[in-house]
C-alpha cells in the first residue's frame, strides 16, 4: 500500500486467556504522527508492545516498509528502522548520556566484535560519524552539558530526552513513543512537543500513546482511539472527540 | 527387576529432595530471595540432631532439635542480615550473593567447629520390610511418610487457612497486601520459620540416609533441592514435589542401569532439558522487575 | 583449595624476614632438626591426617626419647596439601623458603607427588614418599625413597590370597574417592593373573544416601567374595544394605582399609560378629612380631593422647609401622652421616638398612644410635620388617592378611611374600 | 626463596586472567557466572590430556580420554578452545532470558554437579585422584635451566600471556562492542530496541570469558603438572568474585587490586601466622572471612575500591561555548558539529 510505512493487519495480543488487543488494524503513513488514545486498559501499550516485539502477536500480521516483522525479535525490527521508548523511561544507567546515544547509532552497527578487534580506517570513520551525530543531537536537545552524566544521574524529563535522542540516533523510519510526557517537567513537555514536530518533518513517522489529550491535539495529525482491546475510531482529533463511540469509550 | 526396584529407591530419594524443595520454594515464592544459605540451614539441622545423639539425648528430642535449630537460624538471618540488605535496595541477584556469602560462613564455620572431620551418623534404621518387589527399612518408610505429611499440611495451610490466603495474596501483590492491612512482617516471619524448619528436617533426612555427616552435607544436597524447586516453579509446593519425584526416580533408574556415577549426570540432564524446552518456567526480565519482600 | 599468593612485593616483607633465617635444606647446625610431614590435613582427603599422626608422633617420640639426632631434638613440621597439588606446591615452597632446619620429608602422597617430587629433589631433600603410583617404581630421582609396595603389589597380593582361599569368583567394590581407587587396577590385573572370575565391578560414589542399585547388581552376580576399599561410612552404607537385601560373603579389604574410621561404621552396619567373621584385610608389612614392633607399639601407647581413638587401631598397624620405619631410617642415616644435610646423608639411607657382614642388626632407634656411636655399622630392621631398597630406592615388603577383633590389636592369619607377588606381577 | 616467589608469581598471573574473564562476563556482561572455576578446570584437563600421551589402559595408574601428546604450545590452544566450547554449550541454556537470580543459581548447580560428575566417572579424567605427571612444556629445550631458572622462565611466559590478555580485554572494554555489552547489562529490553542482540552479545562475552578462563587453566596445569577436583571447588569461584567486587567491578585494574588484596590479605598471610588450634582450622576460618568480607563489600562499597571508570568525553572543538543545558543551547549549536 503506497505511503504506508507501518501496517497492522487485525493483530491480536493475549495474556494467557485474557485478550488485550483484538483483531486490530491500522496503518501509519510517511511523515505522519498518529496518537493512540483510549481509557486505561484499552490495550494501547499492549499494541505498542506487539509492534515493538516485546509482546508476542497471537494473530494477524505486522508489516514494516515491506517486511513482515510479525515474528521478528525486537533487535531485528530496530535494524529495519523501528525505534521506541518505554512507559518508564529506560536509559542505560551505567552508561553516560554520550554513550547512551553513541551505542544507539545506526552507523556503529554491524558486527561490533569483529570491528572492535580488527576494525580499520573504515570502522574509525563510522565511529567518528556516530560521534558527530551524537554531539549534534546533544546540542539540539540542549543536553551537551550533561554528556558525561550517567543515566542514573538524570531527572525523569532528561531520561525522556535521552530516550528520544536514542531513537533519533538510529535514523529510524518509525518511532513509537509510550507516554513520553509522564513525569516530565512542563518546560520539557513543550520541548518534546517541538521535537516530535521536528522529527516528523525530518521524514519520520510517529505513533504516540499519550493520556494528556492537549498534547495529542497539539502534535498528532490523526488519532486512533482504542477501547477494551479494539479500535473504536480513526480520525482527526476533532472528529474523534465529537464521535459518540469515543465519548462512550471514555466516559461510559 | 532392578528397574522396578529402582522406582522404590527413587521414591525414597524423592522424599528427601521433596522435603527440602518444599521448604525452599515456599520461602522463595513469597520473598523472592533465592536463599543459598538454605544449604547451611540444612547442615545446622543435621548437626543439631547429631550432637543430641552424641549427648545420648532421647531420640525424639534429637529429631525435634533439627527443625528447631534450623528454623531459629533462618529466622534470625532473614530478619537481620537479609532484611538489612533488602532495605538497602539489594536486587534479586544481590540477595543471592548475600545468601551465598552467608552460606560460606555457615558451612566453613561448622567445618572449623567440627574439626573438618566426617562423622558417622548412627541413626536407627529399623528392620527391612519387603513390599512387593521393593525393600525398605522402617526409617526409610518413615521419611516418605514425613514428606507426604509435610506436603499435605503445607497444602492445607496455603489453601485452607487465613494465613495461607494472606500469604498467597502477598506473594502475588506484596504492596497491595500491605495496604490491605495484611500483617506482612508477621507473615514473612512465619515463612522464614517454616522454611528453616523444613531445611532442618531435610538436612536430618539426608544424613539419616547417608549415615555420615560433615560440614558440607548441605552444600552437597543443595543442587538437587534447588533443581527441584526451580523446576517446580517458585512457590509451588506441588511443583516441587512433582519435580522431586521426577529427579528421584530418574536418577535412581539411571543409577540402576548405568551405575551411581551417572545419576548425577542424569539430574543435570533433566535441568538442562527443562531449561531448553520451557524456559518460560523461569522467564522474566533478566534485570528483574520482581521485588524482594523481606 | 588453591590459595594463590600475590604480588611478591606484598609478601616480601614477611618473606625477607623469613629469608634472613633461610639458607636451604637442613644445613642449620643448631636448634631442632625439622622433619616435614606433607599430607592432606584439610580438604577431600583430610582423613589422611589421622594416619600421618599415627606415624609421626610415635616415631618422633622414639627418636626424641633416645636423645634426638646428633644431640638435637627433632621437631615435626606439618605441611598441609589441602588435598590440592597447587596448594601443596605453595605450602611446601613456603616451608622450604622460610624454615632453615628442614632435614627430611615424609610424603608426599599420590595427589601432590607429581608436583612436589621435582621441587624436593632439586632441594636435595630426602623424601620417603607414600604415593603408591607405579610411576615411582623406577624413578631416577636421587632423593626419592619409598618403603611401601606400589599400589599394584597390594592388589596382586589380595588376588593371591583370594586364590589361596579357593574363591571361584570375586566382585570389586571400590569408592570413587581419592585414595580408594589406587589399588583397583592391581586387583583387577591380579585377579585376571591368578585366573579367578571377576563377577562384578562396583564403583561407589562416596556419601550417597544409598547404594541399593549397586547392591542388587552385586547380588545378581553371586560372587564368592568381595574385594573392597572405600571410606568407612560409604562401606557401612553399602554392606549394611547388602546385609538387608541379601547375604554377606567374605570381604577382603586393601591395605587402605584398616583403621577405626573404617571398622566402626562397618561393625555398626553389619554387626560386630559378622565383621569379625567375614572381614579380612591384606596389609603391607611383616607379620613377625619383632622387637621393632614392640618398640613401635610402646611408642604408640606413649603418644596415645595425640592419636585418634581408639589407640588399639594403631598398634600393629602395618601402614603406621612402615611410616614409622621411614622416619627412624632417615634419623639413623643422619646419625651415621654425622649430618642433617640431605646431600650428605642421602647415601646412608640404603646403608643403614641393607644387610651385610659384620653389621649389627638393630630394631629400635635408640639401639641403632648407640651402635653407631660405638662405631659399628648397622642394619635397621623395622616394625614392618627389613627395608631392602633396590637401585630405584624402592623397598617392597611381604604382606600380611589380618583379621581385626574388636578393641584388640590385629591378628595375622596369613602372609604373601614379595617373591610371590613379583612372580605374579612379572 | 626464589622458587617460592616465582611460584607465587605464576599463580598471580593465572588468577588475574581468571579475574579479567569474570570481569568481562559479570562486570560488563552482567552474567553472574557462578561456574567460573569450571571453565578454568576444563582448560586444565584439556591441556593435561593432550600432553599426557595416550591412556595406556586399565593397568595404567590413571585413566582419561583423548590422550595424546601434542607439542607446546598446542595444549594451551586446546585449553582455550575447550573453555570456549564449554561456555558455548553452557551458554545455550544458562544465558536464556531468565531472571538473574535463577541464572546464578543454575550456574552454581552446574558447577557443583560438574565436579561430582568428574569425580565419579573415573574413566573420564581419573576421578577424584585427578591427573598427574603432566609434562612441563619445553622442559627438553630448556633442559639446561635449573629448577629455579625454569620457574622464572615460566613466570615470565605467564606474564607475557597476561599482558596479551590485558591488551585484549582493555581493547574490548573500550570498544563499541564493550559499550553495547554494558548497554545490554543495564537494560536488556531497551538494548534490543536500539538494534542490539542481547543473547548474541552475552554469548560472545561468555565465550570469550570462557576461553580466557580455559587458557588460565592450561597455564596452571602445565606448571603444576597435576590437576584434580580438589583444585576447583565451588568456593574458588567466590574468591574471584570477592576479589573483583572488592577491587571494583568493571575496572580491569580494580580487579587486579582486588585479587591482590583478597588473595594476599585473606588467604595467604594467615599461613605465615603461627599455628592456631588444630592443623587446618585457619583454612576453614579463611573462608568464613571471605564470606564476611563479601558481605562487607556489598554493604559498604558496592562499587569497589577502583570503581568502573566513567568514560568521559570532551566535546569537539568550537562547541565549548554552547555547553550549557536548556533550550538556549539548541539553536546556535545547530550547525556546529557538521
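Each chain gets a letter, A, B, C and D, in the order it is written, and its residues are counted from 1.
Definition applied: a contact is a pair of C-beta atoms (placed from the backbone, for glycine too) under 8 Å apart; a residue touches a chain by one contact, two chains touch by 3 or more.
The structure displayed is predicted, hence computed values, not measured ones.
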How short can a chain-to-chain path be from chain A to chain B, counted in steps between touching chains? 2
Chain separated most widely from chain A, comparing mean CA positions: C
Return the distance between the CA-based centres of chain C and chain D, expressed in whole Å. 38
Round to the nearest whole Å and give the separation of the Cα centres of chain A and chain D. 40
Inter-chain centre distance, chain B versus chain D - centres from mean C-alpha coordinates, in Å: 31
If you average the Cα atoms of chain A and of chain C to get two centres, how far apart are those centres in Å? 75
Return the residues of chain C touching two or more other chains; collapse runs of consecutive numbers into ranges. 42, 46, 176, 203, 205
Any chance you could list the residues of chain B touching two or more other chains? 116, 220, 260-261, 264
In chain D, the residues touching two or more other chains are 116, 120, 122, 186-187, 189, 198, 235, 280, 284, 286-287
Chain-to-chain touches, reported pairwise for every pair that qualifies: A-D, B-C, B-D, C-D
Sort out for me which residues of chain C touch chain B in the complex. 42, 46-47, 176, 202-205, 207-214, 216-217, 220, 231-234, 236-237, 240, 244-245, 264-265, 268-269
Contact footprint of chain A on chain D as seen in their complex: 171-172, 175-180, 182-183, 185-187, 189-198, 201, 204, 250, 308, 310-313, 315-316, 319, 322-330, 333-334, 336-338
Which part of chain C faces chain D closely enough to touch in the complex? 1-8, 10-12, 14-15, 18-19, 22, 41-46, 49, 78, 80, 82-86, 89-91, 93-94, 96-98, 110-115, 118-119, 122, 133-135, 151, 176-179, 181-182, 185, 188-189, 203, 205
Chain B residues within the chain D interface of the complex: 32, 34, 36, 81, 84-85, 88, 90-98, 100-105, 107-109, 111-112, 115-116, 219-220, 222-223, 226-227, 230, 260-262, 264-265, 267-268, 271-272, 275-276, 279, 282-288, 290
Contacts from chain A onto chain D in the complex sit at residues 52-54, 73-75, 78-79, 83-84, 86, 90-96, 98-100, 102-104, 106, 108-109, 112-113, 115-117, 127, 131-132, 135-136, 139-148, 150-151, 163, 166, 169-170, 187, 191
